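Shared between the two complexes below is chain A, which pairs with chain B and chain C, respectively.
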Partner chain A sequence: MASFIDSALTWIGSSKAGQCFADLDGKLDLLPQQTANGLMLGGVYVMVAVAFTLIIGMLNFLNFTVPALFMVGAVMMWASISGGFGSGADQVMAAIVGPGNQWILGIVVALVVVSLCSLVIERFTYRYMKARYGDATEHALPLVSSLGFLIIFEHVVITIWGSDSLTATSPFGNSSFYIASIQFSTPQVISLLVSLGFVFALSYMLRATRLGRALRSIAEKPDTAPLMGVEVGRIVPIVYVLAGLLCGIAGILFTLNYTTVDAYVGDTVATVAIAGMVIGGLGNVWGAVIGGLIVAMLQIYATHFCGAGVVKIPVWGLLLLILIFKPTGLFGHSAIGKGKF
Partner chain B sequence: MTIYRRRLMTGLVGAAAIAGILGTVPAVAADEIVIGASLGRTGIYSTISKTTETSIDIAVREINAAGGINGRKIKLVKFDTAGDPKQAVVAVRKFARDDKALAVIGPFSSSEARVAFAAGEREKIVQIPNASSAPKLADRFSYAYRMTENEGLQFNRVLVTLKQKGMAIGSAAILYGTDDVVSKAVGLFIMKPLFAKNGVKLAKAPIGFETKAVDLSAQVTQLKGLKTDYIGLAGITPVAVRVLKEMRRQGITAPIIGGQIWADPEIVRQMGKDGEGAVFSAWFWYKRDDRSKEFTRKFVEENKKRGIDKPFPHHVDASAYDTVYLLKQVMEEQKITGDPAKVAEERTKIRDGLKTVVFNGVIGKICFESTGDAQLPGYVLTMKNSEWQLIGSHDSLPCKK
Partner chain C sequence: MSGYLESQLIILCLNVIFAYGIFLPAASGQLNLGAAGFITLGAYSSAWLNASMGGLGLPMFFSIPLAMLFCAFVAFVISFPILRTRGVYMVLATFAFAEVVSGFVINLDFLGGAAGMPVDDHANINVVLPVALGVVLFSFYFMATRLGLTFRSIHDDESVATLFGVNVRSAKVAAFTIGAALTSLGGALYGHHYNYIETQTFNVLLSIYILLYVLLGGTQTAWGPLVGAAFFTAIPELLRQVSKETGEQWIADTRFIFFGAIIVLMMVVRPEGLVTRTMVERLSRRDKGDPPAKTPAAGEVSS
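Let's look at the complex of A and B:
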């Protein structure tokens, strides 16, 4: 038995899997820093995963415009702080808020543009389908038309600003602080706190406000909600705008932290965020938060121990395991789709 | 009345179809030489491919203004592949069959060239990409030539130059893209052995990153505590910029060193102060001589007219410009007439002419190996005060036939 274990360990040590255990002491020394890195990355995924789950929980479809809205928020912030709207607009912005403070107006611009885009998307992915077919949520059409919007938005950005990376200088520079020997980037910590703050506010709103009750009633029984006095036609655009604002804020924070964006940045982030949402449980806001943090941690640990080449295996492997053994996700309800806030 | 309408419609549709068919067969005038340009105006290479188009347009305009090739004007036919390999195949077929082109500039990238070369071989038409540098793509084809330089040779030139200038490197670490063919080849199979050959101590096994990864903190954290003179960086420009910014965020101050993958004029703007001290190589130096400076002036001016702000040409822009003049020289040496009846014969003459041609362009001296890959000069550059500065230069090697 001992020789079998020795042989197995030798095989593991000499194989690709063995790379994960190479220089283990050195890797363990860096583990606290990598954990901090994972938490910061999780802040990006959390907001996007919550945006996905909000639409799924309410309207029962995977809204592919979420990555587009994230990208629009990120690009609007980039354009505001890097003169992307043209030198004339940059001068006007500098005159209003002072040179170097264009990021303040960038937040406003990004959130306004994202909200308007959300309303346009709602009109053509949901309202039009509902008017034409009676119940948009029972059709694959919103999903397909949201995919169309994603491609259109990406190519509008490519047409205006090109396909290359758009790089900005962060107004906050590289400011960071240390707790023990662990380095924390100040903007990233603020971003994580802002993300969690918004999720707390959203959760409270869903639980304790009149709007939240209306949203939950539509999620539970969209046909019955109007009989209870809920104006579905007015509430659904609010859901779209809420999801859009979450994406927009995530995009804004992304640009301020990572300072490099492109037309496809939303796809890259959203792909992982979807995995986080499913792992956490479809339609569950706090499940999306936990799921977003789990996938970020998995990515960072996998890269640290085994290298970037295997980074997708743990994330998508866990997703498959969850789907096999607990299809509702870690915190999901038994009914997939509607009615789980 | 209904029958009359139906007949009328049938007639109109038929006429339109005939007109359409005729419309796809362009008349090649006897006083024209047709050259195809396979461009990625849209899609993932659109930004850099747009300036490739600028370079080609400038060269064609100059040649035509000076009387053309053998007294015949160049007719440039363009096709937008959107960076899609399948469309690159469609492009070369269209150039060969419909446009009766004599040669093709492009396709742009290695992924397109990989499949378009085979199609070009079947059509028996020369293709010359200006940005494809993945190893061993042209050597199986007789009509495939590439106006790019070998990554290994260029990185070795960087290390040799630093040694010659008394700036030899003692130690380094390597960060490389795992999902990009060229980045992986450079990181693992070029940088690593060349560092060893030149006595550079590698502080850690090469660390990989995904080209599309948004967060590179996990990789950069692994460099913490290593005191190295340089960080070898093998990745395309966008991710190289992100790696560098993450390095600086985590307090790693060592300059980066690389071959020619991120030798892009955009790094001046995108890397900013973080790029100070970066060392790399390119096969074009825009201050090399009066011709290079003049090309740079025209390039910047023409791009401005097109709404593109680029400080100076990328080496792939220079390759595109030189490719047009190279074809002119070969066509003159081979006495190409552009006669539509001799298209097949003249395409093969151009192929054969490229085998032995020696050309002096804005890049420098250019010839082609028997593999179809060019021998180009190497310029070792550094970033200082947010500008490119020349540290050393290497002439093109002689071509083995």
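Let's look at the complex of A and C:
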């Protein structure tokens, strides 16, 4: 026991916790720059968190294909700009848009592939949600199917391109600009703006269009919506494709900004995005935005002050506390996430 | 027994123990995606109790039960806040718990931190196999007891169970705690068998796979996790063997795609899992050939 207490004291005193306060002034000087980096990282999490929240808000289940679709989008973009489809396809693409501009076609390819994948997933998850015998774990069905799809997509990519990191050269180079001595990378700023733009468009669509009204009616009462003339069978695939497009775009932006992807890139990003979604509140689009930014900030600050080793504790600790004390998150609605998975 | 078969049998035994640890909560209607957290706790606490350098130096046969007790205590304490959540929130809360555990362990230098930790005592198949069999027998017996029946009633319909006077909360706490003890037993054995543990091994993917074994095997009977773990441990291995025998490399490369496809298709054709209660009842009926009796229904209720 003595050795345990000793090690605990040593731990608090010297190595890890003490580290957080070492050279505090120097770290505080860098704080604005780190905040900017956090915002940029948040841009990626925001879109994935919104994709999660869209599915959970409308259809009431946790869709584990979101990481898979993110990864598919990222890998398609990588393959387009680094000749991953083979040199023949690369030449064709270069002939269409000019060499060095394959990323334009990459966007198209990634979005088309992701949409098709979303439709296949919809066919095998949502349509089988209605179990024949009711018990407590029946609602786990789509969750399990979506995990099956996650395994399928990851291993398709591993089979084709291997499990090592795939590195691309960014078509935009390292362009950046300064505002008040804070460095901003231009592609990252554009990414953040793009993702916020999509969230704005999505929330306008949900609030003000006919499709949005239909979606909200399904979210509110899936059994009553058909009676009101909402064609659930046609609307649900749209939700899947929308969520898939959000993931796909996030994946594209991830590749363009961070240039290194692998088959498991979705898992890393999506688990953090799930934390962000829950912190913001399940089913709330703007909650997911705020939550995504909060977890990105937590990650960046924790790494900045205490080193990369502790990064899990603040994010998941906050998630655990939120779940226990305020499961609806910051902006969530209490009716969401009950009963179904 | 050949070395290859033995190593596969060990993996199977560990997976079966993990699966039963997650099955007990699932049998009472809770989805626990935090297997990796309890595995980490079990593996590291047993390793520390066992370590002669910097630990307590207890022999393996004391350190493993003590580690189980410790994990059961941790699970008991956290089950109260975690069981306030339900459905998707519980999945996420257990998942977050596992991540927090791994985040703490990786920062504790006396547990080796990110470099991992060597484990002193070795548990070979003569230890792992009997323990796994014991866990299976225990779970079968447990599901036949009154408490097991209580779990079953909560799994099938929580509100009705409450109406019949079942103390749902304490049953759920019991399921969560006993399940965590079993999971940590598996984790401790893992550490003692491979003699080396690191937190990266016990990641989200492991939790997901274990939950899949249970859900695909079926949560209605105690057969489910056994069949699920055996089936899904064996399939990728068998496909690898087939690929070796036939010399077709693509089978080995794509085996996990088949694996995923089997999961998806199984949810379509057999959503309650491989083994269901009706299936077990039909297979185990002894009065074959007799005209179907009408009374067993009443007998079932009283048992």
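Note that in this section the second predicted complex is superposed on the first by the 311 of 341 C-alpha atoms of A that agree within 3 Å, B and C clash if a C-alpha of one lies under 4 Å from a C-alpha of the other, contacts with A are read in each partner's own complex, and residues count from 1 in each chain.
Everything below uses one rule, namely that a contact is a pair of C-beta atoms (placed from the backbone, for glycine too) under 8 Å apart; a residue touches a chain by one contact, two chains touch by 3 or more.
In this text the structure is predicted, and so the values were computed from the model without any measurement.
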First, second, both or neither for A:Val114, with chain B first and chain C second: neither
Contacts of A:Ala275 with chain B and chain C, given as first, second, both or neither: second
First (chain B), second (chain C), both or neither touched by A:Ala140: second
Partner chain in contact with A:Phe61 - chain B first, chain C second, else both or neither: second
First (chain B), second (chain C), both or neither touched by A:Gly309: both
Touched partner set for A:Leu320, first chain B, second chain C, both or neither: second
First (chain B), second (chain C), both or neither touched by A:Ala288: neither
Which of chain B and chain C A:Gln34 touches, first, second, both or neither: first
Larger contact residue set on chain A - chain B or chain C: C
Touching both chain C and chain B, counted on chain A across the two superposed complexes: 158, 309, 311
Complex contact set, residues of chain A against chain B: 22, 30, 33-34, 37-38, 40-41, 44, 158, 162-165, 167, 169, 174, 176, 183, 185, 254, 258-260, 262, 264-265, 268-269, 299-300, 303-304, 307-309, 311
Chain A partner contacts - residues on chain B that touch it in the complex: 42-48, 50, 178, 205, 207-210, 212-215, 217-219, 221-222, 224, 237-238, 241-242, 245, 248-251, 266, 269-270, 272
Parts of chain A lying in touch with chain C, wherever the complex brings them together: 1, 3-4, 7, 10-11, 15-16, 56, 61-62, 124, 128, 131-145, 147-156, 158-159, 267, 271, 274-275, 278, 282, 309-313, 315-317, 319-320, 323-324, 327, 337-341
Chain A contact footprint on chain C (complex, rising order): 26, 28-31, 54-56, 81-82, 84-89, 91-93, 95-97, 99-100, 102-104, 106-110, 113-114, 154-158, 204-205, 208, 212, 215-216, 219-220, 253-254, 256-257, 259-264, 267-268, 271-272
